[in-house]
Each structure stands twice: as C-alpha cells, then as structure tokens.
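Just passing along the structure, written as structure tokens.
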Amino acid sequence: MAVRVQTTDFDVAQEIAALRESNPRVGAVVTFIGTVRDVNADAQVLQMTLEHYPGMTEKALDAIVVQARQRFDIYDALVIHRVGELRPTDQIVLVAVTGAHRGAAFDACRFIIDYLKTEAPFWKKEQTPEGARWVDARTTDDEAVARWKTDTTT
Amino acid sequence: MAVRVQTTDFDVAQEIAALRESNPRVGAVVTFIGTVRDVNADAQVLQMTLEHYPGMTEKALDAIVVQARQRFDIYDALVIHRVGELRPTDQIVLVAVTGAHRGAAFDACRFIIDYLKTEAPFWKKEQTPEGARWVDARTTDDEAVARWKTDTTT
Amino acid sequence: MNDTAIRHTLTVNVVYLARLREAFGSAGEPLQLATATATVNDVLTALASRGGAFATELAAGRAVRVAVNHTLVSREARVQQGDEVALLPPVTGG
Amino acid sequence: MNDTAIRHTLTVNVVYLARLREAFGSAGEPLQLATATATVNDVLTALASRGGAFATELAAGRAVRVAVNHTLVSREARVQQGDEVALLPPVTGG
C-alpha cells in the first residue's frame, strides 16, 4: 500500500509492475487515470494548477486506502496524485488496485477515486482565455460517494 | 476502437497513450488487466495455454465493444487478448476505456470484461503438478453478466 | 437458395473446440444430414446418435454453445448448406 | 491539559487554503479566542465577525469544511491550544 503526491509524471505500466511484484496470486488489476481535459464547463483550458494541503494530503489518502482494504477483498492499492502546473492531456491521478478477482478490484478502485474526489485536499485552478478560475466541485461527485454509504450489495 | 488477439505481451502505458492520442477531451481512463495466477481452485498452476476460435474471436470482441459504446457515454475502447503459452504473473487481457468522466468509463470497462468472460471464444488449459486440465467456467461470471441485463441504473 | 427444391441432403462443416476437440479426437469434419432443411438441434442430435464421447458430451443439460458462421445462436436456429457450425464448451478467457 | 484552570484565552493556528487563501489575502494566522474552551464553530464565528471577505466566505450555508490537525471534523468539534485549524473550500482533485 502506498500513496504519493508528486510534481512529476508517472508510468502506469511501471507502477503496476511494482504493485504486483512478489505476489503471483494477483489475477486482476484495475486502474483509473484522471487526465487534464482541454475544455471544462464550456471554456477552453490552457493550463491548470493543482494545489494541495501538505501534511493532510497523505493522511487523507492513506485513510481512504485503508478503508478500501478493509471493505473489499483486494491485495494492494496505490494512489499517485500530481500537484503543480499541468497542461491538457497531462495525467493527474492514478489509482491502481490488485486482487485475486476483478469484482473487488473494480469496486475498490472506484471507491478510492470517489472518496478522493470528495475527501482529499486537492484544488484545481484553471487558466482560460477569460482568466484564472478555481474549479467548482461537482455535485455528481457527492452523489458518487453517497452511493458507497448506502450500497451494501457491492 | 480496436480489438487485438496476439501471442506477444503488451505495455499498458503505450496502449493507453495510443488510445488517447489526438483526443484532448479525455478526462478518465479505466483499465482492467487480467493476469495468470500461480494457484487456481486450490492447485498450483505451472503454465497455461490460451486457445481461441480464430475468425469468431475478433467478431465477438468487436460486437462487445460496439455494444459498450452504444450503451455508455465513452470516447473509445480497446481490447487486447493474448493466446498461446502463458506463465504465472503473465498478462492475459487488457481492456482500456476512455471517456470525459469516470462513471461511464468504469461501467463500460467492467461491462466489456464481464461480456468477454462469457461470450468471447477463449479457453484456458492449465498445467498443474497433477497434470493438464481445462479450466471450468465460473458461475460468478454468468452472474456478473446477468447484472447488466437487469441493471438500468448504471 | 434456389436449389433447395432439388436437394435432399445438407452438408455443414462442424468445428470442435478446446475440451470438445480433445474429447472427440478431432478438430472438425463435414457432416451430411439426410434432410433438405435442418436446425442446430438436428446437427447436435445427429452427432449424439453416434454414441461414445459424442453422446456423453452432447447429452441434454451439458453446457455446449453453438456458433453458426462465427455468431452464437440458439438451438432452434436454421443451418444452411456449407455453414460452419462450431461447438463451444463454456468459455474461460479474460 | 493541566493548565486549563489558569488560562483564559486559547490560540489556534488557522490555515486558509486555495480560494479562501486568495479571498482573505493570507495563507493563515494565529487566532486568539477570549475563552478557555472553544469549538470549530467558535473559530468560524470569530473570523466572520471581522466582516468583509471573512463574513462573505464564512456565511452560513457556504460550503467550507474544517480540518483540525489534518483531520476533517464537524463544526461541533473542540479545538485545543495550538491546534492547526484549516479552512477548506470544496475539494476538486482527482
């Protein structure tokens, strides 16, 4: 289990290889990668700054991963979140989960990114042709995380 | 959109880069990788042979991906399935899906692997210390695909 | 087809896959049916009537799926002269 | 703490993040409260009473979350001498 906050890019193939290393029981790997889009809320995005709250960030991500491991039958999970200056098509975040079977790996990966989106202290500021703006939180993110609080079937 | 059947290994980072190329609207990439476990049904797996039905395989995978694109709001999807001799920890299959947002990308990725597991003509034969055996289909795979037939909420 | 009126037999190319190929000791064969029209069910019945592994593997209730010309079909689907009729054990890819 | 009986004020270190840092023109500050015990709500009330951007951004109904010593807490949570009390606008990572 690992969480990392970094300014540099990541290679998903290398990260998966490291996560799987020394565990030949792994049968399923599910990953989510979030990337910078060149449009958001109908405006062109030229560049983006990812800010976080050092000290709290790793603690919040750790807590989310610990919850996922308690809740789902998985082997391991990794979260990498970039901060600093990013441009359209850049990778922002990686969530990777390994398990014996795919059901738990899918659920855990989605659980982690849903919680990250509502509980981890990151903020996006976009540069658009009309100026800089802080990105608004999406209500669909709150709905996504609420689903895990009522859904006991998955 | 692409489906490939091959004996060689794949690099997930390269495949994602190719899938995303020339589409800066992508905000979410979800991937599933299936890997060879060194145990199955309580027996040690030494080696595995993946057989398929040439001619039907690509057609079946194409049909699954077309269905996923009709059903979910995604940009693109890729399926790579290996055939031939594989060993524990080897990668077997990659499903990668791109979309603007994560919900549809997660759903489509899971839909594709669930259907692949029940509708695509691949068969695994394992070598164990007790001899060779064809892998039995898992009833949980039938249950997974049945979920998509009744579930209209996702 | 225009020639159904004059044909009294029907030949399909049967393909045996994976476990079935090993059980039958064959990757496939042409199969002639003594009727001008037939369904997937007729093909399976003709094969099962040989007895042995064919009878065992194709017994009612055994999980065998059939693809005609590379598309999964039901037991009631019609087969035509020259069709490729593949017998698939439960798939286990992914 | 053993010294609560003799202390009549409480100082916490407030941290302003992202949009709030820009709105307040500050990354944070020590805040002294004129009481020996206080909750998160008391901290927010003391800040809002300054008026200006503080009153606007911390008005009832505005979506601001609070972390004490790096853990999200409710408005009713107690704050202690020396705590780091961070004000977070809705998060938008991932």
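To keep things simple, chains are lettered A, B, C and D as they appear, and every chain counts its residues starting from 1.
The working rule: a contact is a pair of C-beta atoms (placed from the backbone, for glycine too) under 8 Å apart; a residue touches a chain by one contact, two chains touch by 3 or more.
These numbers come from a predicted model, not from an experiment.
Chemist: Which other chains touch subunit B while also touching subunit C?
Modeler: none
Chemist: In this assembly, which chains make contact with subunit A and also with subunit D?
Modeler: none
Chemist: Would you kindly tell me how far, in whole Å, the mean C-alpha position of subunit D lies from that of subunit B?
Modeler: That gives a centre separation of 49 Å.
Chemist: What whole-Å value do you get for the distance between subunit C and subunit D if each is reduced to the mean of its CA atoms?
Modeler: Chain centroid spacing, subunit C to subunit D, equals 75 Å.
Chemist: Take the average of all CA coordinates in subunit A, do the same for subunit B, and state the distance between these two points in whole angstrom.
Modeler: Distance between chain centres, rounded to whole Å: 22 Å.
Chemist: Residue numbers in subunit B touching 2 or more other chains?
Modeler: Expected reply: 34, 113.
Chemist: Considering subunit C alone, which of its residues make contact with at least two other chains?
Modeler: Answer for subunit C, listing residues that touch two or more other chains: there are none.
Chemist: For the complex, which residues does subunit C have touching subunit B?
Modeler: 15, 17-19, 63, 67, 70-72, 86, 88-94
Chemist: Considering the complex alone, what residue numbers of subunit B touch subunit C?
Modeler: 34, 50-53, 55-56, 59-60, 81, 92-93, 113, 116-125, 134-138
Chemist: Looking at the complex, which residues from subunit B come into contact with subunit A?
Modeler: Result: residues 11-14, 16, 20, 24-39, 88-89, 100-103, 105-106, 109-110, 113, 140, 144 of subunit B touch subunit A.
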